[in-house]
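Both complexes shown next keep subunit A, but they swap its partner, so subunit B is in the first and subunit C is in the second.
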Partner chain A sequence: IIVGVPLWWRTTETYRAWLPVSQINELSNLQLQLSAEVEVVFARGTVTPEQQKKVPLTQIQDEEHTVDGDLFINAVCLVVTKIRRLQGNICLKCVFSRGHSFEVQDMDVYVGQRRTALLRIGAQMRVGKTLDQLLAHLEPRIKQVLQVMSFSHTDISAALSDRVRLSPGNKESIADSMRTFKSSPGYEITFSLLNPDPKSHRLHWDIEGAVQTYIQPLLTKLASVANFSIDSQTLYYAMLGVNPRFDSSLSAYTLHSDSLAHVINPVEARLGSNAASSNPVLNFLLYVPDAHHSPLYIHDRKKQEVPSNAFHSPRWGGIMVYNVNGFYGPEAVFPVDVNINMAKVMGVFLAQLRLLLGVQSSTAPSGFLVAPCGSNGLADWELDRLMWSRSVENVATATTTITSLAQLLEQIGNIVINDNIAEQVSSAVTSLQLAVAELETGNLRFALQYSKEAILASERAFFDPSLLHLLYFPDDQKFAIYIPLFLPMCVPILLSLLKIVSDARQKRREKQAKKD
Partner chain B sequence: SHAAIKIQPMRQFFSSGHTNNWAVLVCTSRFWFNYRHVANTLSVYRSVKRLGIPDSHIVLMLADDMACNHRNPKPATVFSHKNMELNVYGDDVEVDYRGYEVTVENFLRVLTGRLPPSTPRSKRLLSDDRSNILIYLTGHGGNGFLKFQDSEEISNVELADAFEQMWQKRRYNELLFIIDTCQGASMYERFYSPNLMALASSQVGEDSLSHQPDLAIGVHLMDRYTFYLLEFLEDIHPSSKANMNDLFKVCPKSQCVSTPGHRTDLFLRDPGSALITDFFGSVRKVEITMETINLTEPIHFVNEERQKETYSYVDQLPVSEIIHQKPKQKDWHPPDGFILGLWTLILLVFFKTYGMKHLKHIF
Partner chain C sequence: MMPVPSSVPQPKDDFQEELVIRPLHSGDIYASFQFRTLWETDFMRGNKVSHYRLFPKSLGQVISKFSVRELHISFTQGYWRTMQWGQPFLPSPPGAELWVWFQDSVTDVDGTWKELTNVLSGIFCASLNFIDSTNTVQPSASFKPLGIGNVTDHRFLRYATLPREIVCTENLTPWKKLLPCGSKAGLAVLLKSEKLFHSSFHSQAVHIRPVCQDWQCKTTSWELRQTLNVVFDLHTPGQGKLEWSLFKMFSRTLTEACPLASSSKIYIDITDDPQGEQFEVSPATHLLSQAMVLGDRRTFSVYDLTQQITFGTVRSLNLLIRWKSRDMLRPLLHAERYVAGYGLQTGEIHTLMYNNHPYRSFPVLLLDSVPWYLRLYIHTLTVTSKGKDNKPSYIHYQPSKDRVRPHLLEMLVQLPPNSVTEVTVQFERALLKWTEYTPDPNHGFYVGSSVISSLVPSIVAMDTNSTREQPLFSSFFPCKEESSYFMRVYTEPLLVNLPTPDFSMPYNVICLTCTVVAVGYGSLYNLLTRSFQIEEPSPGLAKRIANIIRKMRGVPPL
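Right after this comes the complex of A and B.
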């Protein structure tokens, strides 16, 4: 028994490598501190020289937000007033209105392409105000600009929607979170040209050049966020699933917005995808209507024409309708060669891509004028914004994954935990701790990188094929296995033990009798 | 141009929180006389495809091949109505797991996502937190279990645990579970994850019965519950507004002989507000693109002399991982002498107590 029982125990127990459970539990009480550095530059003439000397150099603003009670976020803003301008930080310039410096009179803030915003101080603050009043007037406005340019409470809550199911409060933020793809290490973008009528139209599109010129700069800029792979295809005889209606007042065919939802499904069955990767796919379709149904316009709910002639579906992609009937007259010889204007097409696709990736923010507050994004389709502060929300999302997702994995492995005692899983979990925990630390200090790039590593490690650990719990044995089955094996063995052992005990007792009685 | 973005009013978004649909349809029985289980699964497959879910979002698992079975008098067909009225096999069927690939292990791997990296995309359930999933199981079952392939079974506890793991990883928004077996209601008794709705064809202690046989084919073609479910679904079209309460009324006891059951306590929405097409169809939400970006740069001329690389299909798959796989770890078994030694010990103890004289007779 001394030898057998431990031997039996060791051979029937499952191999479980050690997991840092205490660290995981610590992580699950997620306390994130996000800090963004801001520089406020006062333009000449806004602040008198005496006031200049008295302006405090650093001012920290703390904002605490609770999300769902067990989650704390502190948004810390360091407001540093200097006269110099540093690169890489958000720079706010406060100017007094001079009348001609802003063309649009009712805009108070102008957000530039890089990380600069120009803030106009109203005329009533110009004369005779003390420094404290000036600062008190500036503070809420600076806060507002920061919320637009880096992160706000709604953005962070939306990024944490994995952990916390929000009740529909802000409709726009809910729609935003449903529309944008979830954070993933890679995405696949597919451009498809749908030609239902090859007998009439012979379409040429320089997709390689267009992608290189218009889309690739955006994707290069987003390289730190995710990998992208692009492919393109042409589909012939691909029809839309709905019949457009002929509108005689416009002498054109129209597609009402209600029927747009049914367009995607018949087409989707014919779009291919890369068999080897499991990355989410963004589909962009360019549909050229056939000659009998040209021109085709999309109408919105108010029966008005849509200028872009395109629509998109959340977490799927976008479709644009491109009419080519204007390129040839009625006496043309079919098939007609048509060169598609890729700049116009890519303009629409780029806008849809920005929406689907979460780069586009919802409506800016009133009084804000946002500069159009540059040639690479992405302003620097928009990239920062995306990186903030992605980092938070990654950290939250990785924490949830690791915590639930630890819970699962604790609950089910029969799953084998291999060494490589323990390794992945440990590295995920380390990366998470580093990511949270970087978020505190505001190093965005490092935070994003660590959060990506954490996500990769945690996903690999959670979805490891060896973690399959197939060993559910109800208790009656356990008894059914062991009883036939051990019962016959136990019977002679028990009998022998009884015999030994009775013999010993008899001997003791004999000894007693002898003594007496 | 101004970045004045106007987003269209979101009426549709808030009725249900999903943006895509998936379906996992499983038939677990093999052998020719279980033709009706394959026909059940294929008729749900057909309805789901007709209402819009594409093949890339359907994982179809059929444990046996009836259409090309040697005993099928009409090869390449699987009928659901007698007199061969409706061929549910069709021209366009894509079976993802077939024959012996349909095991409890593979089914659980599909649900939890723990598939080996060499698995192609079509065999994976790539759902996210905004996916509504329909899971349909059919076969032979009992109180608390479902039989796979006549050799193994899945218990209701394992199924509930698998759904909980899906919930932990947010692999579904809402899940509809339909099971057509004997004593099917026992399979959803143990569910404990939120946002699950379950339907079963019979209660514990009842048998699900089959519908009529076809005399030419020689087997029963469909089970009753799925037969009436198919008839109900044939009336649904992609823009239909029928809701789950109508689905609960399918196949009352007078038609089904068994009592269908359902479970909605874990479902957060009111079942009356959940449309049939939320699970069986794939109605996409669309938004009009209001803004475009003004691009003015001319297109760069791409160098045509670049070598066109050709890929073969196989190159995309991690073949080297498959070839150079480490051999599976064999479980450690006690040496064969262990049991023998144990018995020797027992015998020695036995003879020690009852006297050595018996030992002489043995040796």
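Right after this comes the complex of A and C.
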């Protein structure tokens, strides 16, 4: 027994490396503290010098967003007044001006391309008010600006939609939150030209040039959020899954919005998956209808023509129908060479790309004027917004993965935990902690970086194949091995035990009988 | 915006399709499809290629991600019977074969190879993911790059076969998807799986390699060749006349060429009968073409599908041939292989190589890749031809490591004219661990085909000017000399029985030992715990019966 039991114990135990369970549990009730720094600059003449001295230097606004039970996000807005440079990466600047620079009269707030917003003091506030009143007037405005330019409740709950079940009934917001792609370290963007009729149309598209001019600037700007790779292909004889209906009043074929859902499936079989990476793919299809089914228009629910003649599918991509029948007359000799106007196509695809990536998901409140985005298609504060929501989403996803992995390992004692998995888990936990800390200080770039690392490490740990080896080794097989050994051995032992017990009883009875 | 034809850029890619039909001497029909996409681009120098037109995107991504210089993959169902059918245009071994040359910029070739096989198994829906280090070899001489580039460092070459692989519809569908026209137009319309797999032999392949664009080789382009070879067994014995038509073979007729193809042709081999005595081809064509195929000058009648006139008034082409059976030239080189020996311990592999050339001897390269569980005794290797010892001039042998890598045996053997050369080597069967057995282990274990590559002397002079327009089927292997042509022959795969245990044995053993232990333990325990007392011997049976009777009578017992 002295030799046997330890030997048996050593040979049958499974190796389980140590996991930082307590830290994981701590992470599981996710408490994020997001902070944004706001610098308020008063334009000259808005406040008197005496007042300026009295303006409090910093002011902290706390805002609590509770999203479903255990998890809440504490949004701290650090409002810093006075002209002062801040160390932080992100600094919203509210320039508080008198308003003479506004051309449009009924606009109160002008949101610029970089990180600046211009606020106007209402007319009643113009003259001789005390500072407290001024600040009180300022406060709700700044809040609004913050919501537009950094993050709002809906953004955060959308980012956490994976963890938190959204309240039913709010269909619109669910559709909104499901449109954008899940956060991922990289995306593959694929442009496909669908030519169902190569016999009549010989299509030429300068995709290379178009990508360089229209898409690349946006992606360069987004490079800190994720890696993007672009490719394109031409697919011949690719059909839509729906037969468009001929509308004699328009003398055109129409595709109704209800049937759009059936369009994608048959095309998708041809698209092919990306062989080189496992990142999510954003598909953008340009469909040129064949000569016999041209022109083709997409109709919305009100039976109105969609002006862009395009639609997008949430978390999948976009499809645009491009009619070419106007480029040749009825007497044309087939096949016809057609050059596709890439500016028109890319305008639509760029808008869809912005939607799918989650840029500009909320509309500005009334009284706000948002500056049109510049040549690269993305304002700085939009990028910040995206980084906020992406970091929150990454952190949430990584914690979910890590906690569920920890739970699983706790529940099933059979699983071998190798050292490399433990290493991955602890690195994920450290990156998570770092990401949360960076979010607290407002260093978005680092927060995003750490949250990405956390996601990668946690996924690698979760999907490690070595976890599977003994997962399906059920207990009944152990019984099958041990029972033939122990059952026949137990029988004589049990019988003799019974005998001893009955003997003892009898002796006791005899003793009692003697006493009596 | 109006289309301006002059501003249309010249496409940098080109697609050709071709079908060769050859009646075989056994009465079968051999149909060989070739689809070639040429693309003037550069995957090599690290610049990212991402805009695809005719070239399939999935394969392009594979090439650029894994830095592949050349990729050859084939899936074959059935064995090509060289003696009855002659030489195929593109040989392939039964099962799946994959060989890849990587670019010399690849540092971790084995890791890249592993990833590549996994990706390819996804693309082709095949179990190529079973390729691992135990069935991968690096041949030193047999597989040279077929495209341009004179890299001969075989560190960048990987070769593997899966002789067990079964090819079916699920492999054909992704293969068809790589064609620009899919199966919607052109010759690919004929590729219907219900007919293709109802055949004696089916082989589909994908070959990717860099080739020269012109004679001076100033520009290079990438060539993707998709080939599909099929042998139909339509022959009903007892009938003198053999008849065959497109509809009978594929249950389809042709109506158009693929609009993207620059050339789309059907060739019918009418070599033996250019006068039309034994052959009857309808509709008749006047286009004849001569081509050099495997050292033989052959005549073909050609149907050009890009010409509307080919389809005639019915707008559909259904070729019909009637012919009489005839003799065939014996192939100059062929080979066979078998396992000899009895019992489950040792055995012997015999490889026979036939040189049927009447007066010339030529060297062949023999490549054998044997799994580690057959332990080859290389000292028993003998090569004999015409009863005499034939010493190989070059032997490259890499011994196996258990569960890590297979045996690799390559040698250069001179085959004397009109002879049979026999290569034998003895082996011992290893015992496997019980988890290493394949499902259904009593079926046996496959050993991949040996590969015999050779420059076979040609009977007629070859034309090496590759700039000339020549049919696709004759232009795959580069040919450098006029007097000989390159040929590769695959032998049959071997099926070897290994000692197989009874797989319920572990449980039986557990049960048996446990019972023995329990019985022993029980008796020992009894021995130790029982107290022994002397017992009165019990009265005999007669006495007991007597006592019972006495009891009944009321008499005191004895």
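The rule is simple: the second predicted complex is superposed on the first by the 442 of 516 C-alpha atoms of A that agree within 3 Å, B and C clash if a C-alpha of one lies under 4 Å from a C-alpha of the other, contacts with A are read in each partner's own complex, and residues count from 1 in each chain.
Assume a contact is a pair of C-beta atoms (placed from the backbone, for glycine too) under 8 Å apart; a residue touches a chain by one contact, two chains touch by 3 or more.
Fair warning: this is a prediction, and the values are worked out from it, not measured in the lab.
Undergrad: Mind working out whether A:I493 is in touch with subunit B, subunit C, both or neither, as first, second, both or neither?
TA: A:I493 sits against subunit B and subunit C alike.
Undergrad: Could you look at A:P198 and tell me whether it touches subunit B, subunit C, both or neither (first, second, both, neither)?
TA: It touches subunit C, and subunit B stays clear.
Undergrad: Given the touch rule stated above, what does A:R301 touch, subunit B (first), subunit C (second), both, or neither?
TA: first
Undergrad: Please work out whether A:N274 is in contact with subunit B alone, subunit C alone, both, or neither, and reply first, second, both or neither.
TA: both
Undergrad: Return first, second, both or neither, reflecting whether A:E208 touches subunit B, subunit C, both chains, or no partner chain.
TA: both
Undergrad: Just subunit B (first), just subunit C (second), both, or neither: which does A:S248 touch?
TA: neither
Undergrad: First (subunit B), second (subunit C), both or neither: which does A:P335 touch?
TA: In the superposition, A:P335 touches subunit C alone.
Undergrad: As a test of reading the superposition: which chain, subunit B or subunit C, is in touch with more residues of subunit A?
TA: B
Undergrad: For subunit A, give the residues common to its interface with subunit B and its interface with subunit C.
TA: 208, 273-277, 489, 492-493, 496
Undergrad: If you look only at subunit B, which of its residues touch subunit A in the complex?
TA: 1-10, 13-14, 17, 19-20, 52-56, 104-105, 108-109, 112-116, 120-122, 124, 126, 128-130, 155, 157-158, 161, 165, 168-170, 238-239, 282-302, 313, 316-318, 332-334, 338, 342-343, 346-347, 349-350, 352-354
Undergrad: Which residues, counting only subunit A, touch subunit B once they are in their complex?
TA: For this pair, the touching residues of subunit A are 4, 7-8, 11, 162, 168, 171-172, 174-175, 178-179, 182, 206, 208-210, 212-214, 257, 260-262, 264-265, 268-269, 273-278, 280, 298, 300-301, 306-308, 310-316, 318, 320, 342-344, 346-348, 350-352, 354-355, 360, 362-364, 369-373, 375, 377, 400-401, 404, 407-408, 412, 462-465, 467-470, 472, 474, 489, 492-493, 495-496, 499-500, 503.
Undergrad: What does subunit C use to touch subunit A in their complex?
TA: Contacts found on subunit C: 1-5, 7-9, 48, 50-54, 56-59, 61-62, 64-65, 119, 122-123, 177, 180-182, 184-185, 256, 259-260, 507, 510-511, 514-515, 517-519, 521-522, 525-526, 529.
Undergrad: Give every residue of subunit A touching subunit C within the complex, in rising order.
TA: 190, 198-199, 202, 204, 207-208, 229-234, 236-237, 270, 272-277, 327-328, 335-339, 341, 480-481, 484-485, 487-489, 491-493, 496
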